[in-house]
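Got some structures for you, see below.
Two complexes are shown next, each including chain A; its partner changes from chain B in the first to chain C in the second.
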Partner chain A sequence: MEALRLDGNAAAGLLSEVFAGEVTTAVGTCDSCGAVEAVGAIHVYMAAGTVLRCPHCEAVVMKVVTDGERIWMDLRGLRTLELAS
Partner chain B sequence: MEGAAVLGRLNWHVAEVADVWPETDRVKTLALDVEGWPGHRAGQHVDVRLTADDGYQAQRSYSIASPDGGPRVELTVERIDDGEVSPYLTGDAHAGDRFELRGPVGGYFVWDPDPGGPVLLVGGGSGVVPLMAMVRQRTANHDEVPTKLLYSARSWEDVIYRDELGRYGKRGDGLEVVFTLTREQPPDWTGFGRRVDRELLSQVAPPDLSLTLVCGPTPFVEAVAEALVGLGHEPSRIKTERFGPTGG
Partner chain C sequence: MPIISRGFKGRRRDDAPRDRVPPGQYVTDDFPVLSAGPTPHTPLDQWDFTIVGEVDERRRWTWDELRALPSETITVDISCVTKWTKLDTVWEGVSVDTLLDGVETSAEYLTVFCDGGYTTNLPLADVTGGQAWIAFAYDGEPLEPEHGGPARLLVPHLYFWKSAKWVRGLRLTATDELGFWESNGYHNYGDPWKEQRYWGD
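Showing the complex of A and B:
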(Lines of atoms letter the chains of each structure in order from A and count residues from 1; the text may use other names and numbers.)
(Lines give C-alpha, C1' and ligand atoms only; values in the text may rest on other atoms or scores of the structure.)
Protein backbone atom coordinates (compact mmCIF):
# COMPACT_ATOMS: atom_id res chain seq x y z
CA MET A 1 0.00 0.00 0.00
CA GLU A 2 2.68 2.50 1.02
CA ALA A 3 4.79 1.79 -2.05
CA LEU A 4 1.85 2.77 -4.24
CA ARG A 5 1.45 6.16 -2.60
CA LEU A 6 1.92 9.18 -4.86
CA ASP A 7 1.28 12.93 -4.44
CA GLY A 8 -1.46 15.19 -5.71
CA ASN A 9 0.86 16.06 -8.59
CA ALA A 10 0.16 12.62 -9.99
CA ALA A 11 -3.55 13.40 -10.21
CA ALA A 12 -3.01 16.85 -11.70
CA GLY A 13 -3.52 15.80 -15.31
CA LEU A 14 -6.75 14.00 -14.52
CA LEU A 15 -8.07 16.85 -12.36
CA SER A 16 -7.20 19.32 -15.11
CA GLU A 17 -9.98 17.67 -17.11
CA VAL A 18 -12.39 18.99 -14.49
CA PHE A 19 -10.91 22.18 -13.05
CA ALA A 20 -10.09 25.16 -15.23
CA GLY A 21 -7.45 26.62 -12.90
CA GLU A 22 -4.27 25.16 -11.45
CA VAL A 23 -5.43 22.50 -9.03
CA THR A 24 -2.27 21.27 -7.26
CA THR A 25 -1.89 24.64 -5.53
CA ALA A 26 -5.59 24.68 -4.59
CA VAL A 27 -6.06 24.21 -0.86
CA GLY A 28 -8.38 21.52 0.48
CA THR A 29 -9.74 20.97 3.98
CA CYS A 30 -10.14 17.38 5.14
CA ASP A 31 -13.67 16.79 6.40
CA SER A 32 -12.43 14.11 8.76
CA CYS A 33 -9.61 15.86 10.67
CA GLY A 34 -9.84 19.45 9.46
CA ALA A 35 -6.26 19.53 8.16
CA VAL A 36 -5.61 22.07 5.42
CA GLU A 37 -3.24 21.10 2.60
CA ALA A 38 -2.43 21.95 -0.99
CA VAL A 39 -3.77 19.30 -3.36
CA GLY A 40 -0.16 18.72 -4.44
CA ALA A 41 0.62 17.48 -0.92
CA ILE A 42 -2.36 15.13 -0.66
CA HIS A 43 -1.63 11.41 -0.97
CA VAL A 44 -2.78 9.75 -4.18
CA TYR A 45 -3.36 6.07 -4.87
CA MET A 46 -3.95 5.01 -8.44
CA ALA A 47 -5.69 1.81 -9.45
CA ALA A 48 -8.89 1.38 -11.44
CA GLY A 49 -9.78 4.80 -10.05
CA THR A 50 -7.80 7.56 -8.41
CA VAL A 51 -8.16 7.96 -4.64
CA LEU A 52 -6.87 11.02 -2.77
CA ARG A 53 -6.29 10.68 0.96
CA CYS A 54 -5.50 13.23 3.64
CA PRO A 55 -1.75 13.08 4.45
CA HIS A 56 -2.54 13.64 8.14
CA CYS A 57 -5.36 11.19 8.91
CA GLU A 58 -5.44 9.12 5.68
CA ALA A 59 -9.20 9.65 5.31
CA VAL A 60 -10.41 9.57 1.70
CA VAL A 61 -10.98 13.13 0.52
CA MET A 62 -11.65 12.52 -3.16
CA LYS A 63 -12.34 9.62 -5.50
CA VAL A 64 -12.20 10.03 -9.26
CA VAL A 65 -13.09 7.48 -11.90
CA THR A 66 -13.02 8.03 -15.63
CA ASP A 67 -13.89 5.86 -18.61
CA GLY A 68 -12.38 8.25 -21.12
CA GLU A 69 -15.73 9.87 -21.91
CA ARG A 70 -17.16 10.73 -18.50
CA ILE A 71 -15.68 11.50 -15.10
CA TRP A 72 -17.24 10.57 -11.75
CA MET A 73 -16.10 12.43 -8.64
CA ASP A 74 -16.90 11.63 -5.01
CA LEU A 75 -15.97 14.62 -2.87
CA ARG A 76 -17.63 13.63 0.40
CA GLY A 77 -14.34 13.72 2.32
CA LEU A 78 -13.50 17.25 1.25
CA ARG A 79 -14.99 19.99 3.42
CA THR A 80 -13.85 22.83 1.18
CA LEU A 81 -11.60 23.37 -1.85
CA GLU A 82 -10.18 26.82 -2.37
CA LEU A 83 -8.90 27.68 -5.87
CA ALA A 84 -7.42 30.84 -7.35
CA SER A 85 -10.16 32.53 -9.38
CA MET B 1 -6.56 38.39 -20.44
CA GLU B 2 -10.25 37.62 -20.44
CA GLY B 3 -10.21 34.90 -23.04
CA ALA B 4 -11.47 31.49 -22.11
CA ALA B 5 -8.23 30.07 -23.51
CA VAL B 6 -6.33 31.31 -20.48
CA LEU B 7 -8.51 29.47 -18.02
CA GLY B 8 -9.42 26.70 -20.40
CA ARG B 9 -8.93 23.11 -19.40
CA LEU B 10 -5.81 21.39 -20.64
CA ASN B 11 -6.03 19.97 -24.09
CA TRP B 12 -3.97 17.29 -25.76
CA HIS B 13 -1.23 18.62 -28.02
CA VAL B 14 0.59 16.84 -30.81
CA ALA B 15 4.27 16.42 -29.98
CA GLU B 16 6.83 15.63 -32.67
CA VAL B 17 10.13 14.07 -31.72
CA ALA B 18 12.93 16.39 -32.87
CA ASP B 19 15.86 14.53 -31.35
CA VAL B 20 16.65 11.64 -29.00
CA TRP B 21 19.87 11.00 -27.09
CA PRO B 22 20.97 8.53 -24.43
CA GLU B 23 21.76 9.72 -20.88
CA THR B 24 22.57 6.33 -19.37
CA ASP B 25 21.99 2.69 -20.40
CA ARG B 26 18.37 2.88 -19.30
CA VAL B 27 17.58 6.56 -19.73
CA LYS B 28 17.03 8.72 -22.79
CA THR B 29 16.09 12.34 -23.35
CA LEU B 30 13.57 13.18 -26.05
CA ALA B 31 13.43 16.71 -27.41
CA LEU B 32 9.89 17.41 -28.58
CA ASP B 33 8.39 20.17 -30.65
CA VAL B 34 4.92 20.78 -29.29
CA GLU B 35 2.42 22.73 -31.33
CA GLY B 36 0.78 25.44 -29.25
CA TRP B 37 2.97 24.82 -26.18
CA PRO B 38 2.05 27.55 -23.68
CA GLY B 39 5.38 27.48 -21.79
CA HIS B 40 5.94 25.88 -18.40
CA ARG B 41 7.54 26.23 -14.99
CA ALA B 42 10.54 24.13 -14.03
CA GLY B 43 9.31 21.09 -12.09
CA GLN B 44 6.08 20.60 -14.00
CA HIS B 45 5.30 17.42 -15.88
CA VAL B 46 3.31 16.25 -18.87
CA ASP B 47 1.02 13.33 -19.55
CA VAL B 48 1.99 11.32 -22.62
CA ARG B 49 -0.69 9.29 -24.38
CA LEU B 50 0.05 6.60 -26.93
CA THR B 51 -2.69 5.11 -29.09
CA ALA B 52 -2.29 1.70 -30.70
CA ASP B 53 -3.73 0.84 -34.11
CA ASP B 54 -6.63 -0.95 -32.43
CA GLY B 55 -7.47 2.16 -30.39
CA TYR B 56 -5.95 0.94 -27.11
CA GLN B 57 -4.50 3.87 -25.20
CA ALA B 58 -1.78 4.00 -22.56
CA GLN B 59 -0.98 7.14 -20.61
CA ARG B 60 1.92 8.04 -18.28
CA SER B 61 3.35 11.14 -16.64
CA TYR B 62 6.90 12.36 -17.29
CA SER B 63 8.75 15.30 -15.81
CA ILE B 64 9.98 18.06 -18.07
CA ALA B 65 13.78 18.27 -17.99
CA SER B 66 14.23 21.55 -19.87
CA PRO B 67 13.77 25.10 -18.62
CA ASP B 68 11.00 27.17 -20.12
CA GLY B 69 11.78 28.55 -23.55
CA GLY B 70 10.03 28.28 -26.88
CA PRO B 71 8.04 25.38 -28.26
CA ARG B 72 10.67 22.75 -27.50
CA VAL B 73 10.20 20.51 -24.47
CA GLU B 74 12.65 17.87 -23.29
CA LEU B 75 11.52 14.76 -21.42
CA THR B 76 14.02 12.43 -19.78
CA VAL B 77 12.58 8.94 -19.55
CA GLU B 78 13.80 5.82 -17.75
CA ARG B 79 12.96 2.52 -19.38
CA ILE B 80 10.73 0.30 -17.26
CA ASP B 81 11.06 -3.10 -18.93
CA ASP B 82 7.46 -4.22 -18.44
CA GLY B 83 6.05 -0.71 -18.90
CA GLU B 84 3.61 0.28 -21.61
CA VAL B 85 4.96 3.70 -22.59
CA SER B 86 8.62 3.98 -21.57
CA PRO B 87 9.85 1.07 -23.75
CA TYR B 88 8.53 2.96 -26.77
CA LEU B 89 9.92 6.34 -25.68
CA THR B 90 13.36 4.92 -24.86
CA GLY B 91 13.51 2.36 -27.67
CA ASP B 92 11.42 2.93 -30.76
CA ALA B 93 10.82 6.68 -30.78
CA HIS B 94 12.76 8.49 -33.49
CA ALA B 95 12.90 11.99 -34.93
CA GLY B 96 9.69 12.72 -36.80
CA ASP B 97 7.51 10.41 -34.68
CA ARG B 98 4.38 11.96 -33.24
CA PHE B 99 2.30 11.28 -30.15
CA GLU B 100 -0.10 13.10 -27.87
CA LEU B 101 0.93 15.13 -24.87
CA ARG B 102 -1.03 17.09 -22.25
CA GLY B 103 0.45 19.79 -20.10
CA PRO B 104 2.15 21.45 -18.48
CA VAL B 105 0.68 19.85 -15.38
CA GLY B 106 1.18 20.73 -11.72
CA GLY B 107 2.04 24.09 -10.20
CA TYR B 108 2.91 22.80 -6.73
CA PHE B 109 6.27 21.09 -7.22
CA VAL B 110 7.97 23.95 -9.08
CA TRP B 111 11.07 26.12 -8.88
CA ASP B 112 10.72 29.13 -6.62
CA PRO B 113 13.49 31.66 -7.40
CA ASP B 114 12.96 33.58 -4.16
CA PRO B 115 11.87 31.41 -1.24
CA GLY B 116 13.69 33.64 1.27
CA GLY B 117 16.70 31.42 1.93
CA PRO B 118 18.67 28.39 0.79
CA VAL B 119 17.03 25.65 -1.27
CA LEU B 120 17.80 21.95 -1.13
CA LEU B 121 16.87 19.70 -4.04
CA VAL B 122 17.00 15.98 -3.33
CA GLY B 123 16.65 13.50 -6.18
CA GLY B 124 16.65 9.71 -6.16
CA GLY B 125 17.35 7.99 -9.48
CA SER B 126 15.33 9.51 -12.30
CA GLY B 127 13.71 11.74 -9.65
CA VAL B 128 16.50 14.12 -10.57
CA VAL B 129 14.69 15.07 -13.81
CA PRO B 130 12.34 17.82 -12.54
CA LEU B 131 15.15 19.05 -10.27
CA MET B 132 17.41 19.33 -13.32
CA ALA B 133 14.79 21.52 -14.97
CA MET B 134 14.97 23.72 -11.86
CA VAL B 135 18.77 23.85 -11.90
CA ARG B 136 18.69 24.78 -15.58
CA GLN B 137 15.99 27.39 -15.01
CA ARG B 138 17.97 28.83 -12.11
CA THR B 139 21.01 29.16 -14.38
CA ALA B 140 18.98 30.63 -17.25
CA ASN B 141 17.39 33.18 -14.90
CA HIS B 142 20.67 33.98 -13.11
CA ASP B 143 18.81 33.33 -9.86
CA GLU B 144 21.04 33.87 -6.85
CA VAL B 145 19.29 31.79 -4.22
CA PRO B 146 21.88 29.40 -2.68
CA THR B 147 20.94 25.97 -3.98
CA LYS B 148 22.20 22.51 -3.24
CA LEU B 149 21.33 19.46 -5.33
CA LEU B 150 21.74 16.14 -3.55
CA TYR B 151 21.50 13.35 -6.09
CA SER B 152 21.35 9.69 -5.10
CA ALA B 153 22.09 7.11 -7.79
CA ARG B 154 23.11 3.46 -7.73
CA SER B 155 26.42 3.96 -9.53
CA TRP B 156 28.28 6.62 -11.51
CA GLU B 157 27.05 4.98 -14.72
CA ASP B 158 23.48 5.53 -13.52
CA VAL B 159 23.97 9.27 -12.96
CA ILE B 160 21.86 11.19 -15.49
CA TYR B 161 23.28 14.50 -16.81
CA ARG B 162 26.63 13.75 -15.15
CA ASP B 163 28.78 15.97 -17.40
CA GLU B 164 26.43 18.92 -17.15
CA LEU B 165 26.04 18.53 -13.40
CA GLY B 166 29.81 18.36 -13.00
CA ARG B 167 30.10 21.69 -14.78
CA TYR B 168 27.32 23.32 -12.75
CA GLY B 169 29.03 22.46 -9.48
CA LYS B 170 32.12 24.44 -10.51
CA ARG B 171 30.57 27.69 -11.67
CA GLY B 172 30.73 29.41 -8.32
CA ASP B 173 27.24 30.82 -8.72
CA GLY B 174 25.79 29.50 -5.49
CA LEU B 175 24.86 26.09 -6.85
CA GLU B 176 26.44 23.05 -5.25
CA VAL B 177 25.99 19.47 -6.49
CA VAL B 178 26.47 16.57 -4.09
CA PHE B 179 26.33 12.95 -5.23
CA THR B 180 25.83 9.77 -3.27
CA LEU B 181 26.34 6.44 -5.02
CA THR B 182 24.49 3.75 -3.10
CA ARG B 183 25.64 0.49 -4.70
CA GLU B 184 28.92 0.97 -6.47
CA GLN B 185 31.51 3.73 -6.35
CA PRO B 186 34.43 4.40 -8.72
CA PRO B 187 37.87 3.58 -7.24
CA ASP B 188 38.78 7.22 -6.70
CA TRP B 189 35.35 8.21 -5.35
CA THR B 190 35.45 10.84 -2.60
CA GLY B 191 31.71 11.55 -2.37
CA PHE B 192 29.08 9.79 -0.30
CA GLY B 193 28.56 6.08 -0.83
CA ARG B 194 25.34 5.26 0.97
CA ARG B 195 21.61 5.91 1.04
CA VAL B 196 20.33 9.35 1.95
CA ASP B 197 19.63 9.11 5.66
CA ARG B 198 19.41 11.45 8.61
CA GLU B 199 23.16 11.56 9.19
CA LEU B 200 23.94 12.30 5.55
CA LEU B 201 21.27 15.01 5.49
CA SER B 202 22.65 16.54 8.69
CA GLN B 203 25.94 17.02 6.82
CA VAL B 204 24.41 18.27 3.57
CA ALA B 205 21.28 20.26 4.49
CA PRO B 206 21.89 23.88 5.52
CA PRO B 207 20.23 24.54 8.91
CA ASP B 208 18.46 27.64 7.58
CA LEU B 209 16.74 25.91 4.67
CA SER B 210 13.78 27.78 3.24
CA LEU B 211 12.56 25.11 0.89
CA THR B 212 13.34 21.48 0.13
CA LEU B 213 12.04 19.71 -2.97
CA VAL B 214 12.32 15.93 -2.96
CA CYS B 215 11.61 13.70 -5.95
CA GLY B 216 12.10 9.98 -6.38
CA PRO B 217 10.52 6.61 -5.73
CA THR B 218 7.99 6.68 -2.87
CA PRO B 219 10.18 4.94 -0.23
CA PHE B 220 13.09 7.30 -1.04
CA VAL B 221 10.94 10.42 -0.81
CA GLU B 222 9.33 9.37 2.45
CA ALA B 223 12.66 8.45 4.06
CA VAL B 224 14.17 11.81 3.08
CA ALA B 225 11.14 13.83 4.20
CA GLU B 226 10.98 11.97 7.51
CA ALA B 227 14.70 12.46 8.16
CA LEU B 228 14.46 16.19 7.41
CA VAL B 229 11.53 16.59 9.79
CA GLY B 230 13.53 14.60 12.37
CA LEU B 231 16.36 17.12 11.96
CA GLY B 232 13.95 19.93 12.80
CA HIS B 233 13.03 21.19 9.33
CA GLU B 234 9.50 22.52 8.98
CA PRO B 235 7.22 19.97 7.19
CA SER B 236 5.40 22.75 5.33
CA ARG B 237 8.71 23.72 3.71
CA ILE B 238 9.28 20.24 2.29
CA LYS B 239 7.58 19.53 -1.01
CA THR B 240 7.59 16.04 -2.43
CA GLU B 241 6.94 14.36 -5.73
CA ARG B 242 6.72 10.59 -5.49
CA PHE B 243 6.71 8.24 -8.42
CA GLY B 244 5.54 4.73 -7.97
CA PRO B 245 6.08 1.28 -9.43
CA THR B 246 2.99 1.60 -11.62
CA GLY B 247 4.78 4.05 -13.93
CA GLY B 248 6.52 3.26 -17.17
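Showing the complex of A and C:
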Protein backbone atom coordinates (compact mmCIF):
# COMPACT_ATOMS: atom_id res chain seq x y z
CA MET A 1 0.00 0.00 0.00
CA GLU A 2 1.34 3.35 -1.04
CA ALA A 3 1.09 5.56 2.07
CA LEU A 4 0.63 8.78 0.13
CA ARG A 5 -2.14 7.45 -2.09
CA LEU A 6 -5.83 8.24 -1.65
CA ASP A 7 -8.88 6.91 -3.49
CA GLY A 8 -11.03 8.78 -5.98
CA ASN A 9 -13.42 10.02 -3.31
CA ALA A 10 -10.62 12.36 -2.19
CA ALA A 11 -10.95 14.21 -5.50
CA ALA A 12 -14.76 14.19 -5.54
CA GLY A 13 -15.12 17.73 -4.19
CA LEU A 14 -12.74 19.19 -6.73
CA LEU A 15 -14.29 17.28 -9.64
CA SER A 16 -17.85 18.19 -8.63
CA GLU A 17 -16.91 21.82 -9.30
CA VAL A 18 -16.54 20.84 -12.95
CA PHE A 19 -18.83 17.88 -13.60
CA ALA A 20 -22.54 17.84 -12.85
CA GLY A 21 -24.01 14.87 -11.01
CA GLU A 22 -22.36 12.19 -8.90
CA VAL A 23 -18.80 12.06 -10.16
CA THR A 24 -17.42 9.16 -8.08
CA THR A 25 -19.66 6.72 -9.93
CA ALA A 26 -18.68 8.16 -13.31
CA VAL A 27 -16.67 5.60 -15.29
CA GLY A 28 -13.35 6.48 -16.87
CA THR A 29 -11.30 4.59 -19.45
CA CYS A 30 -7.50 4.75 -19.13
CA ASP A 31 -5.92 5.76 -22.44
CA SER A 32 -2.73 3.85 -21.62
CA CYS A 33 -4.07 0.38 -20.75
CA GLY A 34 -7.78 0.59 -21.58
CA ALA A 35 -8.92 -0.33 -18.07
CA VAL A 36 -12.41 0.87 -17.16
CA GLU A 37 -12.94 2.03 -13.57
CA ALA A 38 -15.28 4.19 -11.53
CA VAL A 39 -13.68 7.50 -10.55
CA GLY A 40 -14.06 6.42 -6.91
CA ALA A 41 -11.58 3.60 -7.51
CA ILE A 42 -8.97 5.77 -9.20
CA HIS A 43 -5.73 6.48 -7.29
CA VAL A 44 -5.33 10.08 -6.14
CA TYR A 45 -2.10 11.86 -5.21
CA MET A 46 -1.94 15.33 -3.68
CA ALA A 47 1.06 17.32 -4.86
CA ALA A 48 1.26 20.89 -6.17
CA GLY A 49 -2.01 19.92 -7.85
CA THR A 50 -4.15 16.77 -7.72
CA VAL A 51 -3.06 13.78 -9.81
CA LEU A 52 -5.44 10.94 -10.66
CA ARG A 53 -3.83 7.70 -11.78
CA CYS A 54 -5.14 4.47 -13.26
CA PRO A 55 -5.34 1.81 -10.51
CA HIS A 56 -4.14 -0.83 -13.00
CA CYS A 57 -1.14 0.78 -14.73
CA GLU A 58 -0.56 3.97 -12.64
CA ALA A 59 -0.61 6.16 -15.76
CA VAL A 60 -1.84 9.71 -15.17
CA VAL A 61 -5.48 9.94 -16.28
CA MET A 62 -6.18 13.44 -14.95
CA LYS A 63 -4.27 16.40 -13.52
CA VAL A 64 -6.28 19.10 -11.78
CA VAL A 65 -4.94 22.46 -10.63
CA THR A 66 -6.94 25.31 -9.14
CA ASP A 67 -5.97 28.76 -7.94
CA GLY A 68 -9.38 29.35 -6.37
CA GLU A 69 -10.65 31.28 -9.38
CA ARG A 70 -9.63 29.02 -12.26
CA ILE A 71 -9.40 25.25 -12.69
CA TRP A 72 -7.06 23.61 -15.16
CA MET A 73 -7.67 19.99 -16.18
CA ASP A 74 -5.30 17.83 -18.19
CA LEU A 75 -7.37 14.92 -19.49
CA ARG A 76 -4.88 13.51 -22.00
CA GLY A 77 -4.66 10.20 -20.14
CA LEU A 78 -8.44 9.69 -20.09
CA ARG A 79 -9.82 8.06 -23.22
CA THR A 80 -13.40 8.73 -22.18
CA LEU A 81 -15.44 9.58 -19.10
CA GLU A 82 -18.99 8.25 -18.88
CA LEU A 83 -21.33 10.32 -16.70
CA ALA A 84 -25.04 9.91 -15.97
CA SER A 85 -26.94 12.53 -17.95
CA MET B 1 6.70 32.54 21.38
CA PRO B 2 3.25 31.92 19.88
CA ILE B 3 2.99 28.62 18.05
CA ILE B 4 -0.31 27.91 16.33
CA SER B 5 -1.13 24.33 15.42
CA ARG B 6 -2.02 24.00 11.76
CA GLY B 7 -2.53 20.24 11.60
CA PHE B 8 -0.49 18.45 8.97
CA LYS B 9 0.69 21.77 7.59
CA GLY B 10 2.88 22.09 10.67
CA ARG B 11 3.52 25.01 12.94
CA ARG B 12 3.40 28.64 12.01
CA ARG B 13 6.45 30.53 13.20
CA ASP B 14 5.66 34.18 13.71
CA ASP B 15 9.23 35.06 14.71
CA ALA B 16 10.68 34.28 11.27
CA PRO B 17 12.69 37.07 9.67
CA ARG B 18 10.39 38.67 7.11
CA ASP B 19 13.11 39.21 4.54
CA ARG B 20 13.50 35.42 4.32
CA VAL B 21 9.83 34.53 3.88
CA PRO B 22 8.40 35.18 0.40
CA PRO B 23 4.97 36.84 0.14
CA GLY B 24 1.98 34.60 0.90
CA GLN B 25 4.12 31.92 2.59
CA TYR B 26 4.15 30.66 6.18
CA VAL B 27 7.12 29.09 7.94
CA THR B 28 6.98 25.47 9.04
CA ASP B 29 9.38 23.24 10.96
CA ASP B 30 7.86 20.16 9.36
CA PHE B 31 8.82 18.79 5.98
CA PRO B 32 5.50 18.05 4.23
CA VAL B 33 5.57 15.29 1.61
CA LEU B 34 3.94 16.01 -1.76
CA SER B 35 3.96 13.32 -4.41
CA ALA B 36 2.46 13.27 -7.88
CA GLY B 37 2.64 9.48 -7.97
CA PRO B 38 3.87 6.29 -6.35
CA THR B 39 7.34 6.38 -4.81
CA PRO B 40 9.81 4.69 -7.17
CA HIS B 41 12.41 2.39 -5.65
CA THR B 42 15.10 2.11 -8.32
CA PRO B 43 17.99 -0.06 -7.05
CA LEU B 44 21.22 1.94 -6.93
CA ASP B 45 23.00 -0.56 -9.19
CA GLN B 46 20.40 0.23 -11.88
CA TRP B 47 20.37 3.99 -11.25
CA ASP B 48 22.18 6.44 -13.48
CA PHE B 49 22.17 10.15 -14.19
CA THR B 50 22.39 11.36 -17.76
CA ILE B 51 22.65 14.64 -19.63
CA VAL B 52 21.08 14.31 -23.06
CA GLY B 53 19.50 16.42 -25.80
CA GLU B 54 21.31 19.34 -27.39
CA VAL B 55 24.79 18.30 -26.24
CA ASP B 56 28.00 17.45 -28.07
CA GLU B 57 27.89 14.00 -26.52
CA ARG B 58 25.65 12.30 -23.97
CA ARG B 59 27.03 12.23 -20.42
CA ARG B 60 26.31 9.43 -17.96
CA TRP B 61 27.21 8.71 -14.36
CA THR B 62 26.42 5.61 -12.35
CA TRP B 63 25.46 6.09 -8.71
CA ASP B 64 29.04 5.35 -7.58
CA GLU B 65 30.45 7.72 -10.20
CA LEU B 66 28.11 10.51 -9.13
CA ARG B 67 28.97 10.00 -5.46
CA ALA B 68 32.68 10.14 -6.31
CA LEU B 69 32.31 13.67 -7.71
CA PRO B 70 33.09 16.64 -5.44
CA SER B 71 30.03 17.42 -3.32
CA GLU B 72 28.95 20.42 -1.27
CA THR B 73 26.94 21.03 1.87
CA ILE B 74 24.16 23.49 1.03
CA THR B 75 22.10 25.40 3.63
CA VAL B 76 19.08 27.07 2.02
CA ASP B 77 15.50 28.18 2.58
CA ILE B 78 12.89 26.36 0.47
CA SER B 79 9.38 27.46 -0.52
CA CYS B 80 6.58 25.21 -1.78
CA VAL B 81 3.79 26.64 -3.94
CA THR B 82 1.32 25.15 -1.41
CA LYS B 83 2.53 28.03 0.81
CA TRP B 84 4.96 26.49 3.28
CA THR B 85 8.51 27.79 3.61
CA LYS B 86 11.20 25.90 5.51
CA LEU B 87 14.28 27.82 6.68
CA ASP B 88 17.87 26.61 6.93
CA THR B 89 17.43 23.20 5.32
CA VAL B 90 20.76 21.37 5.02
CA TRP B 91 21.53 19.24 1.99
CA GLU B 92 24.51 17.52 0.45
CA GLY B 93 24.83 17.25 -3.28
CA VAL B 94 26.81 17.68 -6.47
CA SER B 95 26.59 21.08 -8.13
CA VAL B 96 24.98 21.04 -11.57
CA ASP B 97 27.97 23.18 -12.63
CA THR B 98 30.18 20.16 -11.94
CA LEU B 99 28.00 17.95 -14.15
CA LEU B 100 27.84 20.50 -16.97
CA ASP B 101 31.60 21.16 -16.86
CA GLY B 102 32.95 20.60 -20.37
CA VAL B 103 29.52 20.03 -21.94
CA GLU B 104 29.24 21.87 -25.26
CA THR B 105 25.70 23.10 -25.89
CA SER B 106 23.75 25.81 -27.62
CA ALA B 107 20.66 25.01 -25.51
CA GLU B 108 19.02 27.73 -23.43
CA TYR B 109 16.53 25.51 -21.60
CA LEU B 110 16.32 22.12 -20.00
CA THR B 111 13.77 19.53 -19.02
CA VAL B 112 14.48 17.65 -15.81
CA PHE B 113 13.34 14.03 -16.06
CA CYS B 114 12.66 11.57 -13.26
CA ASP B 115 11.72 8.04 -12.31
CA GLY B 116 7.92 7.86 -12.42
CA GLY B 117 7.67 10.19 -15.42
CA TYR B 118 7.67 13.59 -13.70
CA THR B 119 9.22 16.49 -15.61
CA THR B 120 9.89 20.16 -14.99
CA ASN B 121 11.41 22.83 -17.23
CA LEU B 122 13.91 25.57 -16.44
CA PRO B 123 16.15 28.05 -18.21
CA LEU B 124 19.70 26.68 -18.32
CA ALA B 125 20.81 29.95 -16.68
CA ASP B 126 18.86 28.97 -13.54
CA VAL B 127 20.77 25.75 -12.88
CA THR B 128 24.27 27.17 -13.44
CA GLY B 129 26.39 29.58 -11.40
CA GLY B 130 25.97 27.73 -8.08
CA GLN B 131 22.15 27.77 -8.12
CA ALA B 132 21.30 24.07 -8.42
CA TRP B 133 22.46 20.69 -7.13
CA ILE B 134 21.74 16.99 -7.44
CA ALA B 135 21.08 16.37 -3.75
CA PHE B 136 21.47 12.92 -2.20
CA ALA B 137 21.46 13.73 1.53
CA TYR B 138 19.21 15.78 3.80
CA ASP B 139 20.04 16.72 7.38
CA GLY B 140 23.11 14.48 7.31
CA GLU B 141 21.21 11.35 6.26
CA PRO B 142 20.68 9.70 2.87
CA LEU B 143 17.67 11.32 1.21
CA GLU B 144 14.55 9.30 2.05
CA PRO B 145 12.54 7.94 -0.90
CA GLU B 146 9.44 9.95 0.09
CA HIS B 147 11.52 13.14 -0.16
CA GLY B 148 12.96 12.13 -3.53
CA GLY B 149 15.76 9.74 -2.68
CA PRO B 150 18.10 8.48 -3.83
CA ALA B 151 18.52 11.91 -5.45
CA ARG B 152 16.50 15.01 -6.27
CA LEU B 153 17.22 18.28 -7.98
CA LEU B 154 17.62 21.19 -5.57
CA VAL B 155 16.86 24.64 -7.06
CA PRO B 156 16.02 26.63 -3.94
CA HIS B 157 15.46 30.02 -5.58
CA LEU B 158 12.31 28.71 -7.35
CA TYR B 159 9.13 27.09 -5.98
CA PHE B 160 9.90 23.57 -4.87
CA TRP B 161 7.97 21.77 -7.63
CA LYS B 162 11.02 22.67 -9.75
CA SER B 163 13.24 20.70 -7.32
CA ALA B 164 12.18 17.43 -8.92
CA LYS B 165 12.19 14.28 -6.80
CA TRP B 166 13.73 11.00 -8.06
CA VAL B 167 15.73 12.88 -10.69
CA ARG B 168 17.47 10.83 -13.38
CA GLY B 169 18.77 13.43 -15.76
CA LEU B 170 18.65 16.65 -17.70
CA ARG B 171 17.55 17.04 -21.30
CA LEU B 172 18.98 20.23 -22.76
CA THR B 173 16.65 21.88 -25.28
CA ALA B 174 16.77 24.76 -27.75
CA THR B 175 13.20 25.77 -26.92
CA ASP B 176 11.30 25.84 -23.64
CA GLU B 177 9.16 22.69 -23.26
CA LEU B 178 6.49 22.79 -20.56
CA GLY B 179 6.79 20.22 -17.77
CA PHE B 180 4.29 18.14 -15.74
CA TRP B 181 2.78 21.11 -13.86
CA GLU B 182 3.88 23.97 -16.09
CA SER B 183 1.65 22.55 -18.86
CA ASN B 184 -1.46 22.60 -16.64
CA GLY B 185 -1.83 25.86 -14.76
CA TYR B 186 1.37 26.31 -12.80
CA HIS B 187 3.67 29.19 -13.69
CA ASN B 188 6.42 28.53 -16.19
CA TYR B 189 9.18 30.11 -14.07
CA GLY B 190 7.98 30.04 -10.43
CA ASP B 191 9.81 32.82 -8.57
CA PRO B 192 8.48 32.77 -4.96
CA TRP B 193 9.47 36.41 -4.39
CA LYS B 194 7.21 37.46 -7.29
CA GLU B 195 4.48 34.96 -6.28
CA GLN B 196 4.60 33.32 -9.69
CA ARG B 197 2.32 30.45 -8.72
CA TYR B 198 -0.10 30.09 -11.64
CA TRP B 199 -0.46 31.00 -15.31
CA GLY B 200 -0.77 34.75 -15.62
CA ASP B 201 0.83 35.56 -12.22
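Definition applied: the second predicted complex is superposed on the first by the 84 of 85 C-alpha atoms of A that agree within 3 Å, B and C clash if a C-alpha of one lies under 4 Å from a C-alpha of the other, contacts with A are read in each partner's own complex, and residues count from 1 in each chain.
In the analysis below, contacts are C-beta pairs under 8 Å (C-beta built on N, C-alpha and C of every residue); 3 or more make two chains touch, one makes a residue touch a chain.
If you're wondering where the values come from, they're calculated on a predicted model, not measured in any experiment.
When both complexes are overlaid on chain A, the residue A:4 reaches chain B and chain C alike.
Residue contacts after overlaying the shared chain place A:48 against chain C, while chain B stays out of touching range.
Judged by the touch definition given at the top, the superposed model places A:58 against chain C, while chain B stays out of reach. In the superposed model, A:74 lies in contact with chain C only, and not with chain B.
When both complexes are overlaid on chain A, the residue A:20 reaches chain B alone and has no touch with chain C. When both complexes are aligned on chain A by C-alpha atoms, chain A residues 2-5, 46 touch chain B in the first and chain C in the second.
Chain C meets chain A in the complex at residues 33-39, 80-82, 117, 146, 159, 161, 180-181, 183-186, 197-199. Put simply, chain A touches chain C in their complex at residues 2-5, 45-49, 51, 53, 58, 60, 63, 65-67, 70, 72-74. Within the complex formed with chain A, the chain B residues making contact are 7-10, 45, 47, 57, 61, 102-103, 105-109, 218-219, 222, 239-246. If you check the complex, the residues on chain A that touch chain B are 2-10, 12-13, 16-22, 24-25, 38-41, 46, 68.
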